Every structure is written in C-alpha cells, then in structure tokens.
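Consider the two complexes below, in which subunit A is the common component and subunit B and subunit C are the respective partners.
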Partner chain A sequence: MKRTPFFTRFGKSEASVAWFFMAPGLILLALFVFWPIIYSVPLALTNYSVIGKTEFVGFDNFVKALQDRSYITSLVNSLLYVIVVPFIQIFSILMAILVNSNVKGIKIFRTAYYIPVVTSMVAVALIWGWLLNQNGVINYVLSSVGLMKERITWLSNKDTALWTLMFITMWKGLGYYMMIYLAGLQSIPKDLVEAAMIDGANRMQTIRKITIPLLKPYVFFCTLISLMAAIRVFDEVFILTMGGPGDATLTSSLYIYKQGFQQFNFGYSSALGLIVSVMIAVLSIVIFRFNRKGGVNPY
Partner chain B sequence: MLMVGLLAACGSGSSGNKEAAPNGNSDGAKAGEQVTVEFWTISLQPTFNDYFDKLIAEFESQNPNVKIDWKDYPYDAVLNKLMTNISGGDAPDVVNLNTELANQMGTKDALVDFNQELTAEQKAAYFPGIYSSTEMNGKAFALPWYTGLPVLFMNKDLVEKAGLNPDNPPKTKQELNEWGRQIKEKTGAYGYIFTMEARTLLEENLPFLSDDYKKAAFNTPEVEEYINENLQLLKDGVIPKDIINYDKQVQYFASEQVAMSLSSSPFINKIKTAAPDVYNKMLAVPSPVGKAGIRYSNTMNIVVPSATKHKKEAVDFAVFVSNAANQLEFSKIANTLPSTVESAKDPFFSENDGTLEGMAKTVSAVSLDKAEDFYIGVESAKDVNEKVTKALQEIYLNGADAKKTLTQAENEVNKILGN
Partner chain C sequence: MRRKPLRFTKSLLLYGALILLAIFMMGPFLWILSVSLMPGKNVFSSPPAIFPTFIDFDNYVQVWNYMDFPRYLMNTVIIALMGVVMNIFFSCLTAYPLAVFRFKGRDLIFALLVMTMIIPAAAGMVVNYLTVKALGLMGGFLAVVLPSAVTVFNIFLMRQAFMGMPHELRDSGKVDGASEFRIWLQLSLPIVKPAIAVIGLLEFQGMWNSFLWPMIVLNDTKQYPIASALSFLNGQFAYNFGWIAAGTVISVIPIIIVFLCTQKYYMEGVSGAVKG
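Up next is the complex of A and B:
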C-alpha cells in the first residue's frame, strides 16, 4: 500500500505545515508573553499587590499616574534617552563601513567592537562606575591634560548623570548594530559599487549614493529596535544610579519596577506599564508610516 | 509590565491569595495531626547547615507532630519567590526577611501580628529598640533575629599621618567632622563617607514627621542649618561628593581614598578580599553618635505570613529560632549580634582576641542598647524616605536651594501621608 506523506495527511496546504512548526513557539509566546500583557489591562484597574486584598479601583491608577511628578519625570527622561538613537545609528554605520574594508587585521577590530555586546551589562556598568567616580581614571586623565579644573562626579551630578548613562548605553550597543549593518553592507552587490567606480565615482560618492540607500531597510530595523530599547532602558540605570541623584536618571522602566517590586503596587505599575506601551506603539507606528512614505531620502 | 503580568497570572483570579485571606487561617493543626512547616532563610545554606539541622531536629523532637521543611534562597530571589508563592496560594509558614520588607508586607496585612501571639515575657526577651522597628498601629510584624550594628572603621596609617590618636577615637558626629577636616588637611584623603539618606536627620534628632505621623516636619531652620554644615564638609572635601552605595564605599576605603567608614562586620571581608594591605591597617571603634544618641541597626527578622495554614506551629517555631539560647549559638558561629537581651550578656561578646573581627564584635555588642532599626512608623515609609533622600541629594549634589527643595519635599511627603 502506498503511504501518504505525513504532512499531506496533516493538511493539504503549506500554511498548515508552517503553523505546525510554529505551534510550540506560539504556545509559549501566548502563555508567557501575550497572556501576561493582556492580563495587565484588568490588573491596571485594581490595587493588586500580590499580598493584600485586591479591589477594583477603576481608572484611579491612570489618574494618579498623570499627577505623579516622579512618573512624569521618568517619562521625560525616557524620551530624552531617545537622543541616543541617531548617534548610535550614525556611529555604527561608520564603524561597519570601516570594518568592512579589506585592511589586514580588520577582523581583530570587528571582534574588539563586539566585545561590549557580549559582556554582561552588570560588568560593563561596574567598570564604568569605577572609571567615572570622583577620583576615577576619567577625571584623572581629563584634569591631567588640563581639560577641566574641578573633578566632575559624572554619575552623581544631575547635569551629567543622564548623559553619562546614555554614553554607556551607546558604547555597549554600537557593536551590536555594527554587526547588523556589516551584514547589510556585505549583501550589497559588489558589481554596483564597481560600476560606479568605473563611472568615476569616488569613495564618498559610492557611500552616499549606493551604500547608504541600500542600507535603508537595515536603518529602519535598527532605528526601531534601538528606539524601543532606549525607552525601556533599565539595567545600567538600575546598577549605576538607581534613578538618582534626585530623579535625574529615573527612567520609566525603573519607576515601574520600583512601584511593582519594591512598593508592591502592582496594579499601579501595570497602569504605568500600559501607558509606556502605548507610547512605544505610537512611536513605532510613526516610524513605520515615515518609512512607508520613503523615510529620509539621502539621494 | 510583562513580569507584573506573569506574576499576577500565577495567582488565581484577581486576588491571588483569596483562599488564604489575611488572618483567615486555622490557628494550628488538630490534635495529633502531622503538619509540615515550611521555613525560608536567606543565603544561609550551605555554610550553616549543621547549625540549622541541629536546631530543626531539636524543635521536631519537642514537637513530634511538626516537621520543618527548610529552604534557603539568595537575597535577590527571596522576595519574588515569596510573592509568587503567596499569589499562588502556597505561602511558606516562617520566613526570614529584613526590616524594610517585613514592614512593607506587614502594612498590607500579609503578616501575623506577634503582639497578639506573644506573652509580655516573650516580647521582653528582645531589645525594645529592635523589637519596635516592625511595630505599627499596635501590631508587631516580625520577631527580630540576628542583627548588625555599624562600627567606625579607620585606616590607622592615614589617621596617624594626620596627627590623630586612634586610641582616642571620635565619639560624636561633631568630633568625627573635626577628625575628617584634619585628615583632609594633612593627608589629602577624604575624612569619612557620608550617606545622604533621610535617616541622617533622625540620627541628629532633627524633626522628621509630626508626633501623630500625619505631616512632614522636616522643613525647619534646624534642618537647614544641619544641611549647611554638611554642604561645607562636601565643599571642603572632607566627604566625597559621589553617591556612596555599598560597593563604592568598599572601593573608596580599599583604595585609601578615604580614612574612615561607618559600616558593619561584612565590610571587613570585603576589604580583606579587595585590599589585604589595607585590611592590615584597619581598626574598629564604636560608631560616633549624632545628637539622638542612637545607632542604626540592620536586622534580619523572622515573619509568619498570615496566609500560613499552620499559624500556631509557625509562631512556635519562629519564637524557637529567635530565642536567646539559639540566637547566642548562631551569633557564635555566624559572627552576628543577637537581638535578645539575655544572649548579649554572654562573655563571648566582650571577648576580644585582638583581631579586627574581634574588635568589631566587641565594639558593636556594647552598642546594642542604643540600637534602633530606622523606621518611621507609617505605611508609606519607603515613599517618604525616598522623597526626603532625593531632596537631600538635590541639595548636597546639585546645589539646589535648601529652603525651596525642603518645601517641595514637604508638600510631596504631605501628599503621600494623605494631606
């Protein structure tokens, strides 16, 4: 008797096969990602604290959030953190172009730039904390070469703390985006560049007219994920400043964490989380729309 | 948000602990019924396995119907684990928590009130200043267990280089400031490390909240004057301008950038590992006191979640673990201080073998009667402390106007307190 192949018996279309393979992942996602997110919505309407009695409080948590000075400050700080996005993209594209060249020993640089990405944020933050303290190496070097008179407490000063954290985030993330752009660069057909060269284009012109335009899908992807990461930044802030001094580096993720896991106000922190999620969704839609309309046209 | 959702989803319905509603449990097992009491500690396995195995065996032999199931979790994991279990209706019966967490849970009616469960004699066994640290509205949420008191660690070399006599150390905050100034002047190192926390006001007996705990009371000329004194110390380089967390404190002291540090016994091991040469130059003396004459203690407590299914057995075990005899034995092997009056009288705490550890033990033990676990006795204590600490940081580190910042913090604290 002729045996029917398994997938033919299971379903006739290719889509059925795809669903079959995706099912385990989707089930896990549904259980551990989608369901908790959905569950956060009714939770935000309660005073849920895990350990105490739960009562329905309506929209009180959202009203409270809009009057909570620390939360507003944390949102402003999170939005300010987005400033890091264009810089991280520009520098990682430049680095990718640099390490894409055929210079001898360039693989060492590729590896070196990637090391911060694979280093744990805890280690990175502790090292930077050490370098940046009042009597740390950075202050020592800067004052030795006469660049500053008084030593700066980079992470304890409200004027410098957030910018310093942004710099650390950028330093750590550069290698990650560089690798994505490097993959993008290597997918650009060489004959396009060679043809341009034959037509008399110089290096800068090929970068501007060929490389950058063809990297556009990569720029879109990296911008989107780095934007989300910037708004959700947590690790470096948690380890280095805990939101201080004052509220100078308090980000929305840290404040949500503090409300939930330190104050047991899980209902309130769910409401705060939903507000941030809506913000990220709106920003993402704007970027999608912007990209659909052509985005920044460099040529 | 994902984590919150996950945690909530672990529970059943919107009130995960509905079944084990606060104070809605049985008072204990029926006669003859065998019960298992789940006991959680923080980072004590495997170092103290022998001690706990013996302790548990002794309790079980005295209470044949009770079996103790001992589990140990790292500090970072215990809170999440506890909340997940309570949420899932599977609360442990006896848990080791620090004062802050005990109070946080207590104010949400999640813990058994020991004032209801203990006799006056049992309560009197503990140092009153430490026992009262988890008392609020007539309820005591925890039994104090082992504790630690700060001592003043000094770098003998730096102190002597500054022309000061380490045998006659500073006894008050005022003297500490004078020593700090001289050290800065003569050696260039910072005098001491200063934590910019709200409790510094209480240590100086400065007003904090009104007597009825209903209003902020720290916006006064006395507080401003105290802040100005500290600002001058920061300006003169007597205390560093960084926000000093524990790791940074170790870093400053280990690299000899600072001559004195107020810390407790675990600080010794940190320095010993980070800088053995500095460890060899260290001295431990009683910590100087502010105008309130109190010393901040850092206590580990035993609590019984109100969701326990075996309240009587759990309370009995909590009392047993923290009784004078067992605390004394634990102090001897763990180098901690007891929270019970009787244990502290043991000669062990006055014997100094000449080592730094011995010095730290004796000087902190004699301070136990001045020990108070800093807690301001309101439900939202954590929020209040955070607001005041932030205001102090704004003034000390960012040059914010003291009067204006205190007024703003006063408004915020009043709002938290419901005004």
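Up next is the complex of A and C:
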C-alpha cells in the first residue's frame, strides 16, 4: 500500500478538520474571554489611565485596594448581597411546587411568573424605583393599611437601600429558578411517589424522603449560578442608586466599572477585577468540593 | 360525598395562592401600563395614581415623536439578530467536533472552555473595551455584538445536543462520500434544531435587554438599542413620568410578545440547560 503524502493525510485527519471547525469560535473566545483574563494581570501592575504616562507600578494597585475604603465597602456589600441566594432558592422551590399542580390554567400562571425574567433590568428597575419612592405606591399602601407609621425612602436610606435592591433582584430572578426547579420536579418518576404512598408514607414524608433528595442537584446548580449572579450584580445598582447613598449600595462590580469607565483608571480597575475574580474562583471551588463531599450525585 | 367540598376548598386555596403570586409578579407591569395611560398625572401625587380615570394615549404619541422609537427598535432588532446568527453559527461549528470527533487535545480544550465559566472576568470589560478600540470597531454595531458573539455556555449546550445524535448518521454520510462540512450542515444541523432554537431565543432576549456595553462602545445615542435608550431617557426626563412610563411599556412589549409566541422553547431551554 502506498503511503499518502503528509499534507494530504493531515488535511484529511479528524484533528485538522476539527481545528478547522473550531477555529472561528476559539479565536473569538480567545480574544474576548481568555485575553481579558490574561491581559488583566500586566494591566493591573501599571497605572494605565487615560491621562498621564503609563508606568509599571508593581503591586501598588493591590496595596491601594486594601486601603481603599470604598473598595472594602463594595466587597462587603457584594458579600452581603449573597444573602439573596438562600431566599431565592426557598421561594422559587415553593413556587415550583405550587405551579407543579395539574390544574386548569396553570400554564398562564407559569408564564406570568416568568415574564419578569424576560424583560430588561432597565425597565424593571425603573418601575420598582417609582413604586418604592417616598411618595410612591408601596409607601402609600403600607401606611394606609397601617403597617407603617413613617414613609420610608427605600432606596435613598442607607439602612434600607441595599436590602431593597436585593428584593428587586430576587423578584426578577424568581421565575427563572422556578422553571429550573419545575423541570426538576417533573423529572421525578411518578411511580416512585406512588409506591411510597402505597407503602403508607404521607405527603410530608414523600417530600422529605423523595422530592428533596432528588431535587438536590438542581439546588446545587441554582445556588451556584445565583451566587455568581449575586456577586456580579450590576444593572439594578447602576440604574437605581449608582452605589449611593454614600457607599451604601456600592457593589464590587459597580466600583470596578466606576474606576474603569468614570475615573478611567484602567490599571486600578483591572487590579480590582482580578481580586474579585480570584475570590469567586475560590468560592466556586469550595462549593464544588462541598458538593462532592456531600455525596450528591447528579442522576 | 365528603370528598367533594374538601377538594373544592383545596382548589380554592390553590387558586388563591396562584392569583396572589400573579399579582405580586405582574402587578408592577400592570401599574406602569396604567401610569402610561394616565393623562398628565404625577405618579407621586397624593394619593398616588394607581388606576387611570380615563385612558389616553397622549404619552405614547408624544414620547414616540420625541424619541424616534422606530429607530431604537430597529437598532435593537439589528443587534439582536446579529447576535443570534453569530451565536448559532459559531457555537454549532465549535461544539460539533467537541462532541463527535476524536482528536488529541479535545478534552483539554473542553476543560479550558468550562473553566472560563467558573472564573468570571470581572475586569473583562476594561480589556474588551481596549480590544474593541484596537480593532477599530468603536461606534459600530459589531463592537456591541462581537464580544458576545460566541459564549461557552452556548457551546456547552450545543455539544450536549450533538452528543445525542446517532453515530450511524455521520458514518452513512461518510460512506456516501460527503465532506465533513456537508455532514455537519445537511445531516447534523437539522437534528439539533431544537437546541438551535433555544440558544437563538435566549440570545435574542439577552441582546434585546443589554444596555451597559452598548452605552460604552457606541458614541452616538442614536445608535442605542432600546434598553440603553430607556436609561438615557430616564436620565433626561426623570420628571416626565408619563413619557418614561410609555417608553418603558414600548420597550417591554416586543420582547414579551416574542416570549409569549415562543415560550414553549424558552421554558424547555431554561430547564434543558440544567439537565444537559
């Protein structure tokens, strides 16, 4: 048998065809996903900004970050923001159980609960911003029902602003997680529940022994993505408070944005971004470990 | 005989809960719709305006004339379609060999891709801004779309879909002498249509709602997509509630219509992303 020349062989091998297929996508990812991760590092070691000469400053940006009160506040706020995660999980699981019932018109309700998910955060934030204004509908209703003595300026009071933002984030996200949990609930084999019922298990027992264990992989997934979303939260803060009052709602993403695109301190902004990235990476590794140790197997 | 009333109260309770929750989730939208139809009323009057006394489309007419909404909607449609087409094309191309080929480095590539899903580049925006600038794309729609023209998430989803494809299909194509590209285009893509629809829809929604990145890379506000235009409008006319309410409704309605027409795929897509 005659050997085919090298180039023909290479041109027809699966590997070369594979690389040919993947090249466009990989080039784009390299440019806009990998390059930012790589280039942030040298950038973070300079004082690169729009004005002035760019110089290598070593770890100055990182030292500066640790002494930057606003940055520390933004990190604390971002960590506080994580409090939405368990609430989102609990409420969306309850919602999923509710819309898992097989009654007439249930699809209309599912759709209604999902609509906040598809609409833009700009619109959602504008609407809630008005509703929550000092003279807005929420205050009016709460005070006329007698639940409140004084009207609260929900978003411009430093004690309530961050919690109010969390509420809006939760409200917008509930439908998304509800759908995932609904998919989880519907994937539980019906005969499993029926068999347990025949064996004399009651409602609560089947929920505790069958539904919750089988839902665990979904809880893991939803917790992970909502955790990352909470740490990255940006849009609602940007539109509604811009970090204020004071630094009460300044989150780390917003501060990175402010340093980068308002102060044009690209070097410093990159350093701040790197710190947050490393934090999130560590956090997700911890969660993955925890998940493995918990012995949860996706099925 | 005793079962019936129990069932009745039960379903009454269920519907009660469902309706209360619907008011909670839909209420803000219905209220903004109501505000947008109120003639010349202040939403912060006391008592605040909740229901319109008579319906009037004046706010819509005025804001539509002032803001050139057709232009913003067109911008959004162009950006969204560009994003959808690119995402479908690039993720189908990239995911295909990762799913069906056997070659050295396949697992490494895939691992690298998945890793970027765990490490979110919070600083990515600054570097991407510099990249887009260096490429000379600033101020064009390509600058808006290109950084998200392919995402690891979509590649992941398409890979799952291609993996579910029967092996015999590719073999039969090979026996018939079709090139890999033809096998991909004519045999494989039709099979993964549902997955393509899903990423198309999710991408459309994402592009429709993006507002920050477009504001960063577009210099001219006339090029803004609808969400960016809305936040711009809010900054300009924060006092003109009727206008902004009408603008908000205009910005929300198209995407809700698209969602209602395609909700079956949306829902499947969201849940499929986990199961996959």
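Everything that follows uses one rule, which is that the second predicted complex is superposed on the first by the 264 of 299 C-alpha atoms of A that agree within 3 Å, B and C clash if a C-alpha of one lies under 4 Å from a C-alpha of the other, contacts with A are read in each partner's own complex, and residues count from 1 in each chain.
Simple rule for what comes next: a contact is a pair of C-beta atoms (placed from the backbone, for glycine too) under 8 Å apart; a residue touches a chain by one contact, two chains touch by 3 or more.
Keep in mind it's a predicted model, so treat the numbers as computed, not measured.
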item	value
First (subunit B), second (subunit C), both or neither touched by A:Thr54	first
Which of subunit B and subunit C A:Val137 touches, first, second, both or neither	second
First, second, both or neither for A:Phe167, with subunit B first and subunit C second	neither
Contacts of A:Leu126 with subunit B and subunit C, given as first, second, both or neither	both
Touching partner for A:Thr241 - first (subunit B), second (subunit C), both, neither	first
Contacts of A:Leu43 with subunit B and subunit C, given as first, second, both or neither	both
First (subunit B), second (subunit C), both or neither touched by A:Phe87	neither
Subunit B or subunit C, by number of subunit A residues touched	C
Touched partner set for A:Phe62, first subunit B, second subunit C, both or neither	neither
Touching partner for A:Tyr114 - first (subunit B), second (subunit C), both, neither	second
Contact residues of subunit A, present in both the subunit B and the subunit C interface	32-33, 35-37, 39-40, 43, 126, 130, 133-135, 256, 260-261, 266, 269-270, 273-274, 276-277
Residues of subunit B defined as touching subunit A within the complex	1-9, 11, 14-17, 21-22, 79-80, 83, 86-87, 104-105, 108-110, 240-243, 245, 247-248, 251-252, 255, 257, 305, 382-383, 390-391, 393-394, 397-398, 400, 412
Residues of subunit C that touch subunit A when the two form their complex	11, 14-15, 17-18, 21-22, 24-26, 28-29, 31-32, 35, 43-48, 50, 90-91, 93-94, 96-98, 101-106, 109, 113, 116, 118-131, 146-150, 152, 155, 180, 184, 205, 208-209, 211-212, 216, 226-228, 230-231, 234, 241, 244, 248, 251-252, 255-256, 259-260, 263, 266-267, 270-272, 274-275
Partner subunit C, residues of subunit A touching it in the complex	13-15, 17-19, 21-22, 24-26, 28-29, 31-37, 39-40, 43-44, 95, 98-99, 101, 103, 106, 109-116, 118-124, 126-128, 130-131, 133-137, 140, 144, 171, 174-176, 179-180, 182-184, 187, 218, 221, 228, 232, 234-235, 238-239, 252-253, 256-257, 260-261, 266, 269-270, 272-274, 276-277, 280-281, 284-285
Sites on subunit A touched by subunit B in the complex	32-33, 35-40, 42-43, 46, 48-54, 69, 126, 129-130, 133-135, 153, 155-159, 241-242, 244-248, 256, 260-264, 266, 269-270, 273-274, 276-277
